[in-house]
Amino acid sequence: MQTFYFAIVILALLAIVFGAILGFASIRFKVVGDPIVDQIDKLLPQTQCGQCGHPGCKPYAQAIANGEAINHCPPGGEATIKALADLLDLEAIPLDAEHGSEAIRTIAYIREDECIGCTKCIQACPVDAILGAAKQMHTVIIDECTGCDLCLDPCPVDCIDMIPIEVTPVNWHWQQPEQLIATSSSPYSHGAPDHA
Amino acid sequence: MALVNLSSPHHHSLNKTSRLMVWVLLATLPGLAVQSYFYGYGTLINLLWASFLALGFEAIVLGLRRRPIMPYLTDGSALVTAFLIALALPPFSPWWLTLVAVLFSIIFAKHLYGGLGNNPFNPAMVGYALCLIAFPVSMTQWAGTEATLTFGQQWQWFWLESVTGGIDSWTRATPLDLMRRTNGLTLTEVASSNPQLGLGLVASMWINLAYLLGGLILLAARVFTWHAPVAMLAGLGFCAGLFHMGEPDLYPSASQHLLTGATMLSAFFIVTDPVSGATSRKGKLVFGVGVGILVFIIRSFGSYPDAFAFAILLMNLSAPLIDTYTQPKAYGHQPKKSRSQGEE
Amino acid sequence: MSLKTPTSLMASIRAGATSLGLFAVLAAAAISLTYIAGSESIAANKAAAKARALSAVMPPHFYDQSLLSAPLKLVDYAQLNLSPPAVGYAAVKSGSTQAIILPVIAKDGYSGDIALLVGIDQYGFIQGVRTIEHKETPGLGDKIERKKSTWIDSFNGRSLANTPLSDWAVTKDGGVFDGFTGATITPRAVVNAVHQGLLYHQRQYSALYTTAEDY
Amino acid sequence: MRKTWNFHGGVHPLENKTQSNQLPIVVMPAPKQLVLPLSQHMGKAGKAVVKPGDYVFKGQLIASAQGFVSANIHAPSSGYVSALEERTLPHQSALSGPCIVIDTDGKDQWGDLNPTIDPKLLSKSDLLYLIQAAGITGMGGAGFPGAVKLQPKSSIHTLIINAAECEPYITADDRLMREYADQIISGIQLVQQLLDQPQCLIGIEDNKPEAIAALNHALNQHMNIEVCVIETKYPSGGEKQLIEILTGQQVPNEGIPADIGIVCQNVGTVKAVFDAIVLGQPLITRITTVTGKAAVNAGNYEVLIGTKVADVLAFAKVDLIKTSRLVMGGPMMGFTIQDTQTPIIKSSNCILAAADLELATVADHHSCIRCGLCEVACPAELLPQQLFWFAKAEEFEKAQDHNLSDCIECGACAWVCPSQIPLVQYYRYAKGRIKALNNETQLAELSRMRFETREQRLVDEKSAKEEKRKLRATAAAAAQAAKRAANPTSADPIAAALARVNKRKQEQQTATTPKSPEEVYKELKTAAAITRTKLNKTSKALTDAKAQDHEQAAGLQETVIALTTKAAVAQAKLHAYETKLGLDPEKEKILQVSVAKANGTIRQLEKILATAADPKRIEADILNAKATHEAATQALADHQTNLTKKPTSAQES
Amino acid sequence: MVDYLLILVSTVLVNNFVLVQFLGLCPFMGVSSRLETAMGMSLATTFVLTLASLCSYLTYTYLLEPFGLEFLQTISFILVIAFVVQFTEMVVHKTSPLLHKVLGIFLPLITTNCAVLGVALLNIKKANGFIESILYGFGAAVGFSLVLILFAAMRERIAVADVPAPFKGAAIAMISAGIMSLAFMGFTSLVAI
Amino acid sequence: MSTEQTKLVMDGLWNNNPALVQLLGLCPLLAVTGSVVNALGLGFATLLVLVGSNLLVSLIRNRVADDIRLPVFVMIIAALVTIAELTMQALTYELYQILGIFIPLIVTNCAILGRADAYARKNPPHLAVLDGLSMGLGFAIVLVLLGAMRELLGQGTLFADMHLLLGPMAQNWTLVIIHDYRGFLFAVLPPGAFVGMGLIIAAKNTFDYYQKTQQLKAHPLAEAGSKRVRVTGTIA
């Protein structure tokens, strides 16, 4: 029976000392704020489209920090998933189709003759990229539009189009050679407009 | 005719991967010839069997992976793997041993990683090392050189592991075993006391010289750069020389290390495997020296007679890290030291 | 967690200490109760296991009381590569020691030590040898286990007298004991160790048998 | 002989130069039409200073430099400007960009030329002005504006003239040196004068003995100029490599040659400097090699800038049937063009019309075996194999760590690669993606800030409203109390309110006047759009509901049917009215989008202006954008005037 | 001195904790997809492992043994380890944000790294003395770090390889670890400890 | 069974299997799977501890402060393991000796603490126990599978020495599958354990992939974008 008491005393002693020190440390070394959320937020595309099921990117960042899966952001697509996986040391997983699919980036254009100036799109735009006043024609500031298409639905006359970003010699770049190789039977099948 | 849209350069040298592989295959021939001269037809039979298996497995896996078969089969890499396995296995290994080795090297070590170019480990060495630990008995079966069999006998042995009218003593200490348990004698002393062993020593010397010749041919054909093999030989030679100087009775000399076992085969045909080695020239130096040192350590203190398979696998697994830290200084970049001075 | 995290320093210390302490007490109590409840049967198990091992190297006709009841403190145990406490066992029949069981450790195995038990009767004949602990390669060196092969029985009946010194080796080295194909290091080590056991038995003969009388 | 150094790597492809360097340069007559892209150089595109319909003389300024790093463009021949429009650019993307199109009149009439009699008397700023005015850009590679390069921030001790012409096939510089050695030397002297007399080294590969002889012949011993013959090895003509060969120094990785006191110019460029200063001629022609087995008359041609490739090819008798690959530039670095209407620009030194099988065929590439041959060949001392793996796996960060940005895209690695991997394309892809990603990150950061500002604003607004509501409530309560206190026996308030409403209604009715056609049109349009939208939304809801088997589906079904009719009616009404007015809504839409775009640009620029380093430039841009906006608005207005006119007429009829 | 060296060689190479003894595999598989994180984990583990083997040695020798409480070793060791880890994490978090950035997320993971408890238990089993215990812990940690870092560098390379789909990720990582372990077999009985 | 419970069971056994998917508890998994009997013994012990710890943690889930929850959980697990260890010593001593250090190491089997912290801490006891049961079972199944694989390949037998665990009635359960088997040492040695595990994971992946394609064939339309929310305002 002596062993019994010894055991209890010794283990309790250890535990009490450790508990006390941890209790002390938890106050003395308290750290506020959670930098990881900001780090995650930095990697999200900031399209603020809500496709992830959260009202904006920051809330999703918070959710990821709390353990939500990292594959819920269609605008970010594979690239963002990979960046997040790297940051959090998780495995990169394919995009969750339930949240949408990765599409090319678009920009909103308002067909201004059809715009009735209802200002609904202005209220909808999360980044204030639409200009205009009540009963006046509205325009989208193309460089500020994130392409979230949140302004589409509220428009009562459907006068907003999402148009892919224009390719210019400045932003054009080569693709990976894979396409060339995939069609190995005919190597010359790559885009070839006819000539005179 | 429609005009194509292609990226520059529009010109190309005539170099091809398959050309490199063919060179390697050809360069093994002197070694193969000498090895067969001393040990009989075993290696040759093994080589044919291994080549057959390697191509077969490669085709099967490519089929399973839904890849075009012919372009990959003809790149020659599977044959190189098969050759090296066959050359490294003991001449008296039975059919199933080769099968296991080739199976694991082609399927596990090569294609599970994506095939040629993707494998981090040297396929031939994975197959070899795996057999070494799985079948240590069969893998140490080197007969004495006097025990060469006729082709028929060898053929029979290969399939049935028994031989009519053959010899009684199969396993014989190889020079490498002797190097480890000489009880204080130098190799030459051992050789002079036992003429058969002496013959073994001579055989291994000639075999190594033949592989050296093959290696020099490859070097001349610019199949690889000198860095890795020279570094390996230097690393091994240096360690051996150092210990030999300290205790000549316990440790054989550098030249004995360099001319026994699979030293030259590994230096010129295996350490040089581009895929699984370090990639930059600096990295190849580190890689080679590492292999050399490990070979010496395992040969001298470890429990395996020849160490090159393990040494190479160990360095294979270090290669990515080596690559991370041996980037050459690019054009126009300051050397590290002066850069930090510049910051001050 | 519904529990509010305490905010003041003392409260936090107190909370930490008490809850951790509380759980410690409970845990310690549970463990030690189990320990106390089971300690007897554990001890019995241990003893039984040991007895089983001992009896494997000693035929029953050499003893009539439990082998465990006659432990021997061995002197000069370094010869057997043992470390303290080095204990052998006597097989006592009708009050007199008939045979001795020696623990021997072979240091030169393939990987790590090989622990053996060697049973030797008073005339120097080996009655049994068993490997009780080893790290030899499964499939190769592990044939020294009785479970895997009967090789270990080849010692039975050997003595220094009926087997000359040169025969205490594996066949490959010119002795009488088989080596396993491709793994001679292990049997070599075992043969040596058993031989050492016999030599020890011979050298310490008087000490072994007189001390045993005391029990 | 001067000591030379070696640079790391390099390759020795077949030279193939004799195809084109045997005959003297042939001057090609002016073609019917010239196409001059506004951006032929590195930096900002020029701005057209002519309008369609204008007559231009040869050598007349037609587009002026915009900002510091930019270049003037001159009319290469006389004729009428026929258009200012988008044409295919000589660019790998084969996209089009703004160009000035001149229909030549065949007179080739020079405008005013201002030759300098004694250039020695010119000051540095005069020289610079002349070079800038002549629109000289580098003729050896990137097409960097010459005037910019020639006003370095640090002092220059060495001027290097790049005469290496290391690319296979190309012989334009070779022929140029053989035939214009004196002009080249004079040009060099002018540049030396401009740069405070640095020593000059002409780097030339030893495969051009005639050119070396010609230069040496033209050299006067006392000049501070030296011809340095170097080993033939690709890419010794790369600026950085040539500098290392001739001086043993390396250009710092993020720097330019001027940082180590060196300026490097192509021989063609110095010849252009000579022409500009001594003859007063702007840069309007260049020597272009036409070669390849498909070219019957392979050789060097002096062509006007802006000549279409098709014309050049026809002049050199290129058999287009024989070739499937037209390369502008050399086989190692040139890019393919797919449209022979593409013009020659200032930096187009070669057109390679290769017969099939003359150049490397596109084989299936194998995977990289890390053989390291590429590393041995890389003049930038990179690890091309690592860059390849990273580019392929889209590990862009690591690619950058391995100095992807230092890759000069010379193609040496791809040339040697036994697996025949199109390495350079991988690098270009990676570089492009990195640029795009950086861009996106910046944009994302901006969006985030704007989003946060907006959220904050909403919160503020809400609290302000709340505040106001409270204030109003208290005020109202107080007023009520006061009112009640003041006038306890007021008339029935409800009756009063009713009366007010009635009155307003009456007023409205009386005020109703017939609506203008625009108003009617707009109303109809809105009605149609709203019904259409409603219909769309409901049918979408319906499909959703159906998919989920909701009971609502039935109800929705009815609504949809009803809406469909409604929408059809509204659309029909609208359409009827449109036909009545004779409108073209499509065109209007396009116009309006362009107005919106211009609007956006202006706003954006104004934003930049606030923080810009050089406000002047941006102000200019803004003016520009405003002009565009105005034009667009005008176009729209014109269109709409049509609209207002037409309805009136419609009403009349 | 030679003995100490042999302990190190033995724990790092011959009886490598991860590849031969099968301890600490979860972090080995879990935090090895990137080199940087692997380095962070290595540092953290080395620190904690050494400290934990020291603390558990003290606990055992001065608290448990004198009172015959050997049966409490598991629970008291794990208590010690959990405490050391948590405390270190808190202190580092507060005092050195930089270090926390490097080690932060790994520290809590270490509690469940069985290498730590394994070292403590093996120390007792092998009856290691004070210095030997520390060295043993340190050597184990270095061995862990070595293979973790090598493995991480290798996995980065495998990540860009054309691995057949079913083997992507964990499966090929396991097989690579197998080949690594095969390579480490080469060290067998280099030293007999 | 409610959906929550079905999900728990499916997760533990397959979808989120601690060994195959979470890659937890690998050390015992690889170390003691040389034969079926070892695997079964350890699997059983782990299962018991997992259920016990989940139950206890769930019972006290509202009574522990966050800062010290890990030490407390660890202590609970350690106590359970020690008790199991002592019990095993008392009941199946030989098996205990074979499993050796890996019995106390169940404490650090990440799967156990992982489940305690991730699930039991937040859920009522009956669910926590079910979770522990399915996770433990999932773990044990993989353990036995790997054990069988390695025993078969390595020695050509199955169920050798089962009597150590199940008593004398299992004396003769040993199945010699391949007679005169040469033995494939590789399977028994550490590298074989890793490779075997890799193969099992790959097999699972293949199966999952197959199932997914089947599912896609059956229901081709996985509603895309169905989880979207509106960030700003509502649609009028």
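Order of writing sets the labels: A, B, C, D, E and F. Residues in every chain begin at 1.
We take it that contacts are C-beta pairs under 8 Å (C-beta built on N, C-alpha and C of every residue); 3 or more make two chains touch, one makes a residue touch a chain.
Everything numeric in this text was worked out from a predicted model, so none of it was measured.
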| item | value |
| --- | --- |
| Most remote chain, CA-based centroid, reference being chain E | D |
| Identity of the chain that, by mean CA position, is farthest from chain F | D |
| Contact-richer chain pair [B-E vs A-D] | A-D |
| Distance between the centres, which are taken as Cα means, of chain B and chain A, whole angstrom | 50 |
| Intercentroid distance (Cα basis), chain E paired with chain D, Å | 56 |
| Mean-CA-position distance for chain F and chain E (Å) | 22 |
| Intercentroid distance (Cα basis), chain E paired with chain C, Å | 31 |
| Shared-contact residues (touching 2 or more other chains) in chain E | 30, 71-72, 75, 79, 83, 86, 157, 162, 167, 169, 172, 175, 179, 182, 185, 188-189 |
| Junction residues of chain D, two or more chains touched | 92, 94, 320, 324, 338-340, 362, 364, 367, 392, 422, 425, 428 |
| Contacts with 2+ other chains: residues of chain A | 3, 7, 10-11, 14-15, 18-19, 21-23, 26, 28, 48, 56, 126, 156, 174, 177, 180, 184, 188, 191-192, 195 |
| Sites on chain C touched by chain B in the complex | 110-111, 137, 140, 181-183 |
| Chain A partner contacts - residues on chain F that touch it in the complex | 67-68, 71, 75, 222-233, 235-236 |
| Touch list for chain A against partner chain D, complex | 41, 44-48, 56-58, 79, 82, 109-114, 116, 126-129, 131, 137, 139-144, 146, 155-159, 167-169, 171-177, 180-181, 184, 187-188, 191-193, 195-196 |
| Parts of chain D lying in touch with chain E, wherever the complex brings them together | 367, 389-390, 392-393, 395 |
| Touching residues (chain side chain D, partner chain B) in the complex | 7-8, 11, 13-14, 92, 94, 168, 240, 244, 250-253, 255, 320-327, 329, 331-340, 352, 354, 359-360, 362, 364, 366-373, 375-376, 379-383, 385-386, 402-403, 406, 409, 411-412, 414-420, 422, 424-425, 428 |
